[in-house]
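Note that chain A is present in both complexes that follow, paired respectively with chain B and with chain C.
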Partner chain A sequence: MNHVQLVRERWIRRSLLIATGISAGAILFIFVLLVYFCLPLITSGGMSSVLSWQWKPFAGEFGILPMCAGSLLLSVFALGLAFPAAIGICGFATVLAARSLARFTLVLVHFMTSIPTVIYGFVSVFLLVPLVRDWFSTGTGFSFLTAGLSLSLLILPTIVLVFHARLQQIDPALRLAAEAMGLTPVRQFLHVLVPAASRGLVVAAILGFGRAIGDTLISLMLAGNAPRIPDSLFDSIRTLTAHIALVLATDSQSMSYRSVFASGLILFLLMGAANFFIRRMDRGPGENRYENGR
Partner chain B sequence: MGIQKRRVDGVVILAVCFFFGLMQGVAFCGALDGFSGLEGTIAIAGGTAHIPVMNDAAKNIMTVNPGIRITVEGGGSGVGVQKVGEGLADIGNTGRALSELEIAKYGLKSFAFALDGVAAAVHPENPVSDLSPQQVRDIFAGSITNWKAVGGMDAPIHLFCRDEASGTREVFWEKLLKKGPVAATANIVASNGAMKVAISQDKNAIGYVGIGHVDQSLKALKLEGIAATQENAMNGSYPVVRKLYMNTRGEPSKLVRTFIDYVMGPECADIIKKYGYIPLK
Partner chain C sequence: MKTAADLLLTAYAWFCAIAVFLATSFLLGFLFKRGMGVMHPSLFFGDTPWFSALLGASPVFEGIWPALVGTLALVLVSSVMAIPVGIASGIYLSEYASARVRSMLGFAVDVLSGTPSIVMGLFGFTMILFLRKTALPQARPSLFLAAVCIALLILPYVIRTTQTAMEAIPEHLRLLGPSLGLTRWHHVRHVLLPSASRGILSGAILALGRASEDTAVIMLTGVVARAGLPASLWDKFEALPFRIYTLAAEHRSVQELDQGFGMALVLLLMTGSLFAVASFLQRSLEKRWKTT
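Let's turn to the complex of A and B:
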């Protein structure tokens, strides 16, 4: 390597380091800011009021636990719907479908990622909400179920694309061997490919979960936003993100406004935890031997 | 040929310019005189109900005075207070009176310029069209849960409310519900528009919107025979009304002051009426 290349490499490395430093610093700064805004809550003893089950701002109760529960319930529900569907789509695109059809499916999934969330939201308001209300003839249609269905549609492409990318990384020799042993395509997928890419499956699920818990518009537009624990699928719920959006739009100095920062901190920590698990999965013991280039 | 055509174009352009000049003279003489000689920018943010009025006023001013730039953003009452308080906007709009905390923290001054009524509203096909205030209170408290109890069909009542800090919610809760309880099961929507969509799609729904937002997609309920109209809000017979405010931090600058005077003046009164609100002067 000649001198010019060496210098260039050094500069590339430096600029990358600076870019990394800036993004890491920004994240740290956001965290510090959230904690700073939450400090008055902690020191004034307001935290116990915020970590309770009652949200009645005019009675002085600012509990955000129903929203935490709402966020978790909705995300788990959406993931429960989207995850099996995503595995099915990946199986279809990897082993079952003809090449052109598989490509078409993937193009479709790619297209789904480019649809803005608000479109899922308002189309659901006009199509899904009346359907849910009429079919089950209970509740208003703005419900846990409606939001969960739309949200699962939103996170589906994320899961499909991440998992499919992992499947592509699997050593082709593995599939050849499976083929040679006379496994049908479905069995190849279920018993060879999926186990070989199992960690990719976990990463895809966690990314999908993170997307679901961070989404604001779908729950804001469809879930009904009643701040309480739902009794059934047809009840209205409120998520942390929708709560933040609702309070922030109209308030500025009250206790409810400050509770928003606690909501933000909880969301931040949840997302952090999800990412932490992804890292753990990627670095865990027993490095996967079947994936190429790893 | 080409030269001739160009000349004709020139004549047309001149004529158009002349025509517009004439129009401007007719339309804007007087009310906009205060802006002559003024330059600078006005940033406006906050209450979404204010936006159409602010936009029209800004357009009129900027058409005559190219030296003045006015930007209008939404965000809601809370954002309005925040932005004007932090000096990020010159005027912060709110659909509610400022809290003492807000005034004390930022030293804000309020200018009320319009009145907006809030009406309880149901689906147009709902046979119920007149309720007593007590019935409305019972419905929103969750003690009446079937439309049959107030003379409607045998169907459950679907409650829709606005978020806790919305200006529309505040006036409805104070003036009609008398700060009474609201059922925890009520659905919460984020804007007047979302409320309209929710009610217009659900035959069993009840909610409330600014009177300016009432159209054929939903039915505004009468209160013991008094229709929720701008006229009744203005003459005081319909009680559920709120004011729309512009707020500045401390005394407004000359330009901002002129803008506020313009919005509160006679020419803007027509704009305010056009969007369904009632000018205060």
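Let's turn to the complex of A and C:
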């Protein structure tokens, strides 16, 4: 290489590095900005007021714990519905269905990811809400149950696609061996493929859970947004994400604002922790035991 | 040997697959049934003649045209920011970075892609508060701010799809550049990038769909229910997903509700066709590697 080329190579390398640095810089900036706006809470002792169970802004109570509980309960519920269904669909597409049917199922699930969240919400408002209201004849239909059902449909593709991708990475020899031992398709899936991709199962669950926690519109449009702990499936709840949207759209009291920054920081840290956990797990000993090639 | 457990689990798997198929069909069927009836020029332009509306000569009050233009402008501006940077990052992560750097920056990309969109919107909101306190007292939510936040939201998608497309290039092509004595950049530019182009393009197209559907980010960074056509990057704007969201809660008449269904259908057709193009590209790519 001559000198000119060398200099050019170096500059290209540098500019590509800078482009990559933007993501890291953005993450850092988001974190710093959220912490900066949360600082008044810590220094002025407002933390105990925000971390309480009462949200009554006009009485001066700004607790966001009901929203934390709402987010967790709703996400666990949605995951509880979507996760078993996702495993069923993966089993269907991997071992049970004929090739063309399996392909169709996967394309459908893939297509589901491209349906805008707001459409899931919009259609549910006019299709699912009346159904829930009429069938169970309690409340308005804007409830934990309605939001949970829609949310499970929303996170299902994430879980299916992540887990299916992991299943595809398994060394085909393993499947052949199981076949040769005379295992039925169901048993191949249950006793050979799923255990071999067990970490993929955990990763898929975490990513699905994260998608549920991070989603705003479904809970905002369907859950009724009452800031309290639900007593039953038909109660109205409010999630952290919906809380942020609602408060910023209406309130202008400074303490309300601060509770919003605290909510944002909690969400951010939660997702960061989830990613960190996934990373640790993928690096742990014994990973890629059954994976083929690269 | 088949047992009862086998049969039960087979039935369960079929049930799951069919249930998801039915749920999606109900959702789409309901939307098409309610939305197809209003698919008419007046949905877009109201009473305004479509030609002068297209030219922006006369304002549209009844139709969804301003929201459509707002969404298109948002997608355009955010993808102009995110796609080049994303592709460059993807190339760096797959071809240049050392294992350590790749893992560190890769983690940053993962955290960015895991950031909930409402938090990204909150970030834009705090940025305005921050700018008002410091350099720019007149800063306010706008199309540009929303586009920046959306760009950050779709950036990780573009990075990851570029990286995956580059890493999927078969070994014999990776040897081509060095064997001809090409410099690293020439190898990337003339051998690897052209081979990965379809994968990269399909990732970029999916990112466009993601940018057009997100609601949580823009509702904190400058979208409003009624704004007309966006006059500049520094103005508030309308967008399809946000209008759909507001109409669900506060439609005043059957006409408005119908309009909501029409908008939802337009948005779905938009993201659906982007998805179709992207998956066509992806499939043609897979075929190509299989035959070579």
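Going forward, the second predicted complex is superposed on the first by the 274 of 294 C-alpha atoms of A that agree within 3 Å, B and C clash if a C-alpha of one lies under 4 Å from a C-alpha of the other, contacts with A are read in each partner's own complex, and residues count from 1 in each chain.
One rule holds for everything that comes next: a residue touches a chain if its C-beta (ideal position, glycine included) is under 8 Å from a C-beta of that chain, and two chains touch if they have at least 3 such contacts.
Keep in mind that what you see is a predicted model, and the values were worked out from it rather than measured.
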Checklist line | Greater residue coverage of chain A in the superposed arrangement, chain B or chain C | finding: C
Check: Which of the two partners, first being chain B and second being chain C, lies in contact with A:L34: first, second, both, or neither?
Finding: second
Next item on the list: Please work out whether A:A245 is in contact with chain B alone, chain C alone, both, or neither, and reply first, second, both or neither.
Entry: both
Notebook entry, point to check: Taking the superposition as given, does A:S236 touch the first partner, chain B, the second, chain C, both, or neither?
Noted result: first
Margin query: Touch test for A:L174: chain B only (first), chain C only (second), both, or neither?
Written below: neither
Next item on the list: Once the structures are superposed on A, label A:A226 by its partner contacts, choosing first (chain B), second (chain C), both or neither.
Entry: first
Notebook entry, point to check: Given the touch rule stated above, what does A:V123 touch, chain B (first), chain C (second), both, or neither?
Noted result: second
Notebook entry, point to check: Just chain B (first), just chain C (second), both, or neither: which does A:S114 touch?
Noted result: second
Next item on the list: Would you check which partner chain A:S256 touches, where first means chain B only, second means chain C only, and both and neither mean what they say?
Entry: first
Check: Both chain B and chain C touch chain A; at which residues?
Finding: 125-126, 220-221, 245, 248-249
Checklist line | chain A contact footprint on chain C (complex, rising order) | finding: 1-2, 5-6, 9-10, 12-17, 19-21, 23-24, 26-27, 30-31, 34, 84-85, 88-89, 91-93, 96-97, 104-105, 107-112, 114-123, 125-127, 129-130, 152, 155-156, 159, 183-185, 206, 209, 212-216, 219-220, 241, 244-245, 247-249, 260-261, 264, 267-268, 271-272, 274-275, 279
Check: Inside the complex, what are the residues of chain A that reach chain C?
Finding: 1, 5, 8-9, 12-13, 15-17, 19-24, 26-27, 30, 33-34, 36-37, 84-86, 88-89, 91-93, 96-97, 105, 107-112, 114-123, 125-127, 153, 156, 182, 184-187, 190, 210, 213-217, 220-221, 241, 244-245, 248-249, 260-261, 264, 267-268, 271-272, 274-276, 278-279
Check: Can you list the chain A residues touching chain B in their complex?
Finding: 57-58, 125-126, 129-130, 133, 139-142, 220-221, 224-228, 235-236, 238, 245-254, 256-257
Notebook entry, point to check: For chain B, which residues are in contact with chain A within the complex?
Noted result: 75-79, 81-82, 85, 99, 101-102, 105, 158, 160, 163-167, 179, 184-190, 194, 197-198, 201-202, 204-205
